[in-house]
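Consider the two complexes below, in which subunit A is the common component and subunit B and subunit C are the respective partners.
Here is the complex of A and B:
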């Protein structure tokens, strides 16, 4: 049971990482990024290509890849979304959907559909704890995921609470127009949110790649679960994203283990719909009454 | 648009019996039907759904399983598929009430993923991931054409239903909810009921589309209706244009046909489609249908307008100093009555009224003002005074004296203009929803440009006329008036509107001593009560009569009361 929960927490932590990127983009720019998974996929491909074909050091190529991700995020936001910000959310959704298709097509065209293996960032024998609670196995990969999640969560918390730019981000997500009047450069905040979001996608891609292999659809499932996690926790808070992901991971594992593997996704989705019916803005979301 | 449907129905018999083309067209119809449903949910009632394909799969599996296991006739199977999808729509619609925006999007996304998984899981019923092959389609002579006609039939019904709903109370309620939920609930709209209804009807369309898909393609698998298909449907709706009835058709056409245009190139389909999506959203953000409509309004409909113009005069002409004037006459009584029509109208506007005026007591004349109908065009700018002078000339030419003058709307202003010059010739003046005595308010130049759009669009004229006569709906009558209105002089479309803002008879009106009746329908959307009160007060013997529940056109809506006043 404890092992199941730890495994669940490990997958859940991945969902949390996905959700953090999604929430950052949604909070600031109000767009649900459908291309998120494919952006991560595409950059993972680039990292894989740099390290395996071009012979660049793996860590250097990861850094290069994340830089490329930031550029990609900024340019998509600047040229694909900002021109239609005043229109419906539906339109912006469709733009990200178009990017999703283009990236998938490009990946298939350049690298084909076969699975590519990706080196483990960290490997070694798992830690095993024995005690009167039974045997607990903790893999090093799980540790990597947990560490990344903890570091990023704390970094975001500090960044948004105590730095000037972080506060600017919160201001823009609260009210874009007024933030602009206060002298905040709304454009750069929007750009940053997308750079950060896509970088998170790249990070998720790199961490997930050894397990799911590099392929055009490698992050699709993570993306859907990331959405679900974000919704479960409340789409507007980072706390919600982190805990939503962890809860979802554990829930999924338990359902898969004790009820049926085939129902895994369905039952967790049903639970989420039920949660949403009773907490319409997520478990950690604030209920805000606004003048419509 | 009925001719378009007839052409579509005849298409397979006219030129193409090609099975491939028929299947493609059927697919266009299926996607149009499904996204018509999505358009009701998203475009009209403003709820986001990215799980629409789930309802397609429900319809598809219900209909297929009924056809295979129980030999249910296909049409009933399809309808039942739609009904079951309707019920699921209600089921999803209720939780959707509590959610909005992205939470709703995720919930619907969860629904589509769950439905896909469930259909794969129950292998003994649904065939699992492999799906169901060889879905039967018992055909009489040519299965592809029959499939096409079946799709077309359902699509037509859905199209008619959509058009009716959109223009009914329900559609207005949906749009109200879309714009502002709180405000609509304050207005007494049952928000929950209408939102669930939108979801249910939209889902029913998707269910029917799914069932048709199963029978047309003959093969279904759970993955055919996954999240990707849902997003495709969303894309169709956005490309075609949200909240438009034609949008889904154009969107589906682009979605299905585009791949074939690029089939010879080596570029993968998803790249092409992705680029199309982005280009459409960035450069045609309101959807293709908006631009198609704009193009039609500007460049195509004037052909229609040309053919709809009245060709044959229906009355007699009289030669006056300012040109020929066309008029109709009825009755042979001793008291003459002259009727002056309003803007976008003609002598025929009074036909229903004239029939009711006792012919043995009155002789009724109704004329086409110059610039209108079959009368000659006036030179120079349009002014109300010129119309009044033309009326003088007409009355002189026919030798009418001591008569009752009735003017409606713009004609009311003309009648006032006549009355202040020649009060001694009148017995009484009846103004039916007239332009106020001090003129209409003047508008910005851009507003007048909009009026010029009417010149090329008969449908809009007819709709405007009917809107101004809310309690009278003889469509044939308005068709006739529309074709007369299309004969208006080119400069008069904007000219009349400007002329109506450029006169003031208040100073002269007080010297008019004959009885003046101002009739005002209280449902008038152009004029207000105060303007009418002031108009009546401007005349010495003016009297305001308010007609309850009547619009801007009492001459057709409330003939009895007008005749009562003529007789008085």
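Here is the complex of A and C:
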């Protein structure tokens, strides 16, 4: 049971990372990025291509890939979304759908549909703990995911709470127009949120790649689960995204184990519906009493 | 405090919202160091004029600070040049703390010293960690003004600060506006529907009607103008 929970938490931590990126983009720019998973997929392909075909060091490839992800995020926001910002929310959603299909088509065209293997960033024998509680196995890969999630969560908490730009991000997410009148360059905050979001997608791609292999649809499932995690958390807070992901991961594992593997994917869709009906602002949605 | 405050001059300002012509070729002069009020009914173009000065919407015409046009500057650069708008309906960041609101206001400056704010708004000192959305209406309005002050404005535009507040609170805000103008030497542009309050503290006034300037002059003269008395002061001379 403990092992199941650890495995669930490990998968869940991945969903949390996906959700953090989605929430950052949604909170600031108000757009749900449907192309998120495919952006991460495309960058992972580039990293794979750099390291396996071009002979670039794997870690350098990852750094270059994430830099490229940031540039991709800024460009999509600046040239794909901002020109139609004044039109409607729906039109921006459609742009992200378009990007989703373009990237998938490009990936198939350039690299084909064949699965490519991607090296483990960390490998080795798992840690095994024995005791009254039974045997607990902790894989090194799990450790990597947990560490990444913890580092990123703490970094975001400090960044949004204590830095000027972090406060600007929250100001823009709450009231874009007024934030502008405070002298905050709204455009650069929007750009940043997308640079951060797409970088998260790339990071998720790199961590997931050894397990799911590099393919045009490698992150589709993660995108759906990350979206569910974000909905669970209310889509507004990073804390919600983190815990939403972890809860979903464990839930999925338990359902897969005790009911049926086949329900693993559908459970997230059921959760989305239940949460939206019964807890529209998420399980952790906070209602701030607002006067006058 | 030696800060070069200049006149703001506006020539032929036009603002359109789609097919709606909200501001129709307005000329304004805001003398340096003054409190200048813009009066008028709903939809007269007052707020649109302020937003145009702040750079928050598209307009035609020329807005000059001193002899220089600021037409090409985006909002945030205008704020850096000391042109700060405190928008209508307060627009504080409801989910952030009072302190975070103030820091957001100080975004363009290195100023994180809150002593000046405590001096003008003593109540803020004890409320720094309160979530701003839980303040009362009057406190929210004062926080909005305090936040705008954090940007070190030379020209402060206040859009209906008395909206929806009790007379006793309005009096407090009036005192604050006077203090800001007199001791901080900040030019204040005050948009108001509360005509008697506005004319009591302003040096100059403009009356807008349907996107045009209907009347203008010294505040004391406007207060004595029979048309103003009839239309905006309910026919009663205070």
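Note that the second predicted complex is superposed on the first by the 282 of 292 C-alpha atoms of A that agree within 3 Å, B and C clash if a C-alpha of one lies under 4 Å from a C-alpha of the other, contacts with A are read in each partner's own complex, and residues count from 1 in each chain.
Following the convention adopted for this analysis, contacts are C-beta pairs under 8 Å (C-beta built on N, C-alpha and C of every residue); 3 or more make two chains touch, one makes a residue touch a chain.
None of these values were measured; they are calculated from a predicted model.
J.: Looking at subunit A, does subunit C or subunit B touch more of its residues?
T.: B
J.: Is A:97 touching the first partner subunit B, the second partner subunit C, both, or neither of them?
T.: A:97: touches subunit B, not subunit C.
J.: Touch test for A:273: subunit B only (first), subunit C only (second), both, or neither?
T.: In the superposition, A:273 contacts subunit B only.
J.: Quick one: classify A:89 as touching subunit B (first), subunit C (second), both or neither.
T.: A:89: touches subunit B, not subunit C.
J.: Mind working out whether A:106 is in touch with subunit B, subunit C, both or neither, as first, second, both or neither?
T.: A:106 contacts subunit B only, not subunit C.
J.: First (subunit B), second (subunit C), both or neither: which does A:174 touch?
T.: In the superposition, A:174 touches subunit C alone.
J.: When the two structures are overlaid on chain A, which partner does A:157 contact: first (subunit B), second (subunit C), both, or neither?
T.: In the superposition, A:157 touches no partner, neither subunit B nor subunit C.
J.: Give me the intersection of subunit A's contacts with subunit B and its contacts with subunit C, in residue numbers.
T.: Residues 292 of subunit A touch both subunit B and subunit C.
J.: Residue numbers of subunit C touching subunit A in their complex, please.
T.: 54, 56, 74-76, 79-80, 84-87, 91-96, 100, 103-105, 107-108, 131, 133-137, 140, 147, 151, 164
J.: Residues of subunit B touching subunit A in their complex?
T.: Its residues touching subunit A are 42, 48, 95, 98-103, 105-107, 109-111, 113-114, 117-118, 120-121, 180-183, 227, 231, 234-235, 238-239, 242, 267-278, 281-282, 285.
J.: Touching subunit B in the complex: which residues of subunit A?
T.: Residues 26, 32, 34, 80, 83-84, 87-91, 93-95, 97-106, 108-109, 224, 227-228, 230-231, 235, 262-263, 265-266, 269-270, 272-273, 276-277, 280-282, 292 of subunit A touch subunit B in their complex.
J.: In their complex, what parts of subunit A are in touch with subunit C?
T.: Those in contact with subunit C are residues 164, 167-168, 170-171, 174-175, 177-186, 288-292.
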